[in-house]
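In the two complexes that follow, chain A is the common piece, with chain B as its partner first and chain C second.
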Partner chain A sequence: MVVSSDLIIQVMIWGLYAGCIYILLATGLNLIFGVMKIVNFAHGELLMLGAYITFTFYAVSGFNPYVLLAASLPVLILVGVIIERTCFRPILGTGKLNEIFISIGLIYIIQNAAAIIWSDEWRTIHSPFEHITLKMFGVNLPLDYLIIVITTISILIVLFLFMQRTRLGKAMRATSQNRKGAMLMGINVERMDMLAFGIGAGLAGAAGTLWVVSGQVFNPYMGSIPAVKAFAIVIIGGLGSIPGAIIGGLIYGIAENFAILTLGGAWKDAISFIILILVLIVRPTGIFGESAE
Partner chain B sequence: MIDMNKTLGIGSKKARLIGVILLLILAFTLPLIFGMNLYLLTVLILMVIFIIYASSWNFLTYTGQGSLGHAAFFGLGGYASAIVATASGLSPFITIFIGGGMAALVGLFIGIICVRLKEWFLAMVTFGFAIIIQTLMVSQFAEISGGWDGIAAPRLVPSSIPNYQLIEYYSIVLIAVFVILLFYFILKSKIGLAFAAIRENEIEARAAGINPVKYRLFAFLVSAYFSGVAGALEIHNLGYITPEIFGVDISFWPIIYSISGGLGTLAGPIVGTIFITIIWDGLQSFGLTYLRFVIIGLLLVLIIIFLPKGLISLPDKIKGYLEKRQKKAQ
Partner chain C sequence: MKRTLGLIFIVFISLVLIAGCTDEQPSGEELKIGVVASMTGSASTTGKDIWQSAELAADEINANGGVYVAELGKKIPIRLVQGDDESTREGGQKAVSRMITQDNVDILVGGFSSAVVSAHQQIVAEHKVPYIITGASTPIITRRTDVDTTYMFHHAPTCDDSGSQITLFLDDTVRPAINEKFNFPAERPLRLAILYQDSPYGKGHQDAIKNTIANNSLSIQIVAEEAFKMGESDYRTVLTSIKNKNPDVIYVTAFLNEQIPVETQALRDIGLNKVFTAVEPNDDPDFYKGVGTYGDYSIVQSRFSPYTVPKGPTEAAYNKFVTDFDNKYGGFPGMMGVATYEGVYIAAKAVEDAGTLNKTAVRDALATIRMQQMVENMQNQTISFSPDYRESKFELTMEQLYWDESVKETRPKIVWPESLKETSFVLPEWYEPGQD
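Here is the complex of A and B:
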């Protein structure tokens, strides 16, 4: 196989596109971790729910699925808030293994509830732009990919502005820096938990919507693997570090697509864990991670 | 202070003994009471295999570790045993221990990487290894593993022998009793004390001259070995093995069983496996497919929130509740 520079750029573009999905998931996970110091292993199920809710809206209304993102986001935020209140709040501070275990319960509930509601067939959403491909610098760039990259960047900018400029965002950052201190300053930390989980769920839902609108097939069990990868990214980037999540997401997306090119499609999922394990052997707390707590 | 009762189970010594004897009597007479009911026997065999598997998984938690990828060991044990038994013609009764050895060998490798990691990191790496091993099985080792189609495995007891399923059941029960007794003696020994010390406070354990890495690795090895044995038993019971054995479900089941029964106790995985199996197969007989997963998930969430020490703490909890009410009434 001749590896030309065009091919490398093409793979980079695929990686960038896959990376966007991972970035959205990983940022959400990190936000939740930063504020609540818990990890939601059922994050991929929120991605899957996002995909199905957009799918339902699309089937009912027939609007452009990208526009429907605005409608499915609030639904996902609500789902996130409900999950936080009913499942994670009662076990907060009872040990790290419990979060993992309760997530396993949630995975079973959400996956199979979705299978009951929407059946477990593979489904697709057809983007109105699916046949439009831009020719840039000698490579093919599907318009859908471009929209996804732009949407991801805009979501991240909005999130950044929210965290930096608004009172609520500042309160959230304060909570993630020092929960007790934030409490003493009169911040309602439990409301911050709710908010962080809601935003995290919303980001996962956005990732799910973008993933399926770009032509990926989906079923109720599609969420687990992307979520675990997102979590691996969070670990590589360092728990709680959002820049780490963005860089990690890009590295993952690109590495994964190069692995498919060189090792074959079977290695798509395994390669991300090999990277994770190699990183953890060298640095048990991740590349950007501060010292373990 | 390390409370040995906490390590071994709950309740008084006498109550525990009665429970164990009752359970053993039940295990040995159940198939006789119901006669040769094939469906029941199949369910019972799988249940006992999963008791071994869940107990092995739970063995890790004594040192404060956990794993989300025990399917790797379960599956490796199965594959190694099936391949060796087919190639050499040895009885599966011997090859299951070779399968366990294979699982332990890989477990040693994974364990060396994992002993320094904790909590989520450990969870992720173990989860990842299950996927990596599955990928290896369907790509690099496809020639000997049969790829996605899998391979056939000889039955534990040849089906030419009359009542072979009954013999299979009793042999598996005996192996389970042996494994749990072994765990009991390990936990009762100095090693068990070291485990508890590491789990409760690693720094203090170090100060007392306990090498946490050594003990964690030992726990990992033992856990991987008997998970491999359980995996081998399962595939020799089913008669075939496919890479599906490395699936997320197989990794999660022992966790669900152990948590619902009670983590870090010998009785927990046993009680949990029996309880969940009864519910699972009960729901199946009502024709529920997806809903039973939802119900199991709900049960798990409820148990974690309201019964963090698992079902085996239920009698104590009820007792405490009744005493409280009595006091209030007075």
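Here is the complex of A and C:
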């Protein structure tokens, strides 16, 4: 096969798009883990809920689905807060096994609830910009993907500013670094848990919205595969590290697409896990991970 | 205390007595058909179609007095027993075991997904229960040698049948149209790309295409063969790779949730202005809704379309079944539904032919059954099972989709075979042929 520079740039662009969805999902997962030290296996279901909330708002209002991100994001944050308050807070600190089973149970509960509410048929949304394709660097770039990349970068900048510049963000970081120390400094760590889970769910919801506007189909069971990949990205980037999630997401998205191009579609998932194994051998704590925990 | 204990004792005895009272008729007084359907889990939409269609068929037969059994000298009613496979292999094994050993069903009908059916075939084989499989498409279902499949009958188009008919259509209709429109030599081979699900289903189609080309010496050159993982949603890179190989046509073996993003991403993101073909499970209202304008001029194989009825002997039966189903349950029954509807009738006919509920006799009756086609078009207009692998043979059609502004979706018209076609296949204005 002739691999031209145009082809490489084109595949890089597809990898970048895939990376955006992974980054949002993995960042949310990492935020929750960083603050609460729990692994939320039902994180993919929050992505699915984000897709359905956007779909519902779109069906009701007919608005531009990108605009509806502003509406679906708060709903997902609220869902995250409710899950944290009702499911995780009561069992926090009672043992990892309880946390694992709660989150696995949530997968089934959320999937079945979604199937009852929206049915389990495959759904789609058509973006108003779906017919617009730009020519950049000699390759096709659908406008939707440009918007998705810009939206992801914007969300990450807002998150960065929130974490670095606001009192709440600093309190969350303090809780993440040393929970007891944060408590001694008067930080309400339970409030930080709630906030972290809410923001994490919101990021997953944003990933869900961007997933549907890019022309992907979805049903109540679609969250599992992206969630597994988000977990792998979190491990590659380093548990609890947001920059790690961003770099890991990009590596994953681009590597997967180059594997498809060179080795074939069947290698897509395998290459991701080969990278995971290599990273763990060379640096067991992940790229940006610290040697704690 | 004594009074409380006495009360508990009375309640317990009452419960035991109530548990013993069922409306079950003594054995032989009814034909018990076990319906293997995915009532829960990821395939539950199809599972409900299967169950409801079976119910419709049983109700119709019962309304006409039931099934005549010569040995009993009377007609007996059909009672359906639901076996929810939970859309999983393990669920299927549990459901089939229960239906055979506890419900004592006389015959099984249904079974969706080759993987799920394969997993419970051993149980069916051990108990020698006749099984009319209506929802799996891998030919291996009745061709495998590690399990005794002699009691199993396949009433669904196999990958071989489906792949062969699409390939023949491409050779005798699409290839000449491309060569004529672009002034290519008539003998120029069609440049075909195959994009297939990395599963027995996808590989079955891949093999069928190659075998059909070889066996019929077709002028088709396979220029690309790309696989994707089941359930994949991002096809941009694999389609970019296919574009690089310059095909005329892209033959996609995918389910609805895969076919929609394939066509959308190919035309929108990659600029792959080619003819796409979709295999028969995609002829579903959700496909038309999901693919939108990107389905325009694409090809969908069909055996039971939601939007077009093949003119001819099955037209009236099609309309009746679709209307009755819609009136009773609302919506469209789907192809797995119609096959199961026919499956219940096939089961009833086999019992009548056998004149007994004896499973071996019913199995023998199935092996030699000859029934007039019902809702779906069958080869020779007859439902019968091939003597080698006990497969019924369907007359599949190829449809081309055209944008319909009034419904804001595409709608199909049959373009193949000649005997059933409504219009001729056309290449769209934007079509670009592959370059040698």
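Criterion: the second predicted complex is superposed on the first by the 287 of 293 C-alpha atoms of A that agree within 3 Å, B and C clash if a C-alpha of one lies under 4 Å from a C-alpha of the other, contacts with A are read in each partner's own complex, and residues count from 1 in each chain.
One rule holds in what follows: a residue touches a chain if its C-beta (ideal position, glycine included) is under 8 Å from a C-beta of that chain, and two chains touch if they have at least 3 such contacts.
A quick note: this is a predicted structure, and the numbers were derived from the prediction, not measured.
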| item | value |
| --- | --- |
| Superposed partners chain B and chain C on chain A - clash or fit | clash |
| Contacts of A:Asn98 with chain B and chain C, given as first, second, both or neither | first |
| Partner chain(s) touched by A:Asn140 [first = chain B, second = chain C, both, neither] | second |
| First (chain B), second (chain C), both or neither touched by A:Ala232 | first |
| Which of chain B and chain C A:Gly169 touches, first, second, both or neither | neither |
| Contacts of A:Gly264 with chain B and chain C, given as first, second, both or neither | both |
| Contacts of A:Gly215 with chain B and chain C, given as first, second, both or neither | second |
| First, second, both or neither for A:Ala115, with chain B first and chain C second | both |
| First, second, both or neither for A:Thr124, with chain B first and chain C second | second |
| Which of chain B and chain C A:Gln10 touches, first, second, both or neither | second |
| Contacts on chain A seen with chain B and repeated with chain C across the two complexes | 115, 120, 264, 266, 269 |
| Chain B contact footprint on chain A (complex, rising order) | 39, 41, 87, 90-91, 94, 96-98, 100-102, 104-109, 111-113, 115-116, 120, 224, 228, 231-232, 235, 239, 264, 266-267, 269-270, 272-274, 276-277, 280-281, 284, 292 |
| Chain A-touching residues of chain B, taken from the complex the two chains share | 61, 66, 68, 113, 116-121, 123-125, 127-129, 131-132, 134-136, 138-139, 248, 252, 255-256, 259, 263, 290-291, 293-294, 296-301, 304-305, 308 |
| Chain A residues within the chain C interface of the complex | 1-2, 7, 10-11, 14-15, 17-18, 115, 119-124, 126, 130-131, 133, 140, 142, 145, 215-217, 219, 221-222, 225, 257-258, 260-261, 264-266, 268-269 |
| For the chain C and chain A complex, residues of the former touching the latter | 42, 44-45, 198, 226-229, 231-234, 236-238, 240-241, 244-245, 256-257, 260-261, 264-265, 268-271, 286, 289-290, 292 |
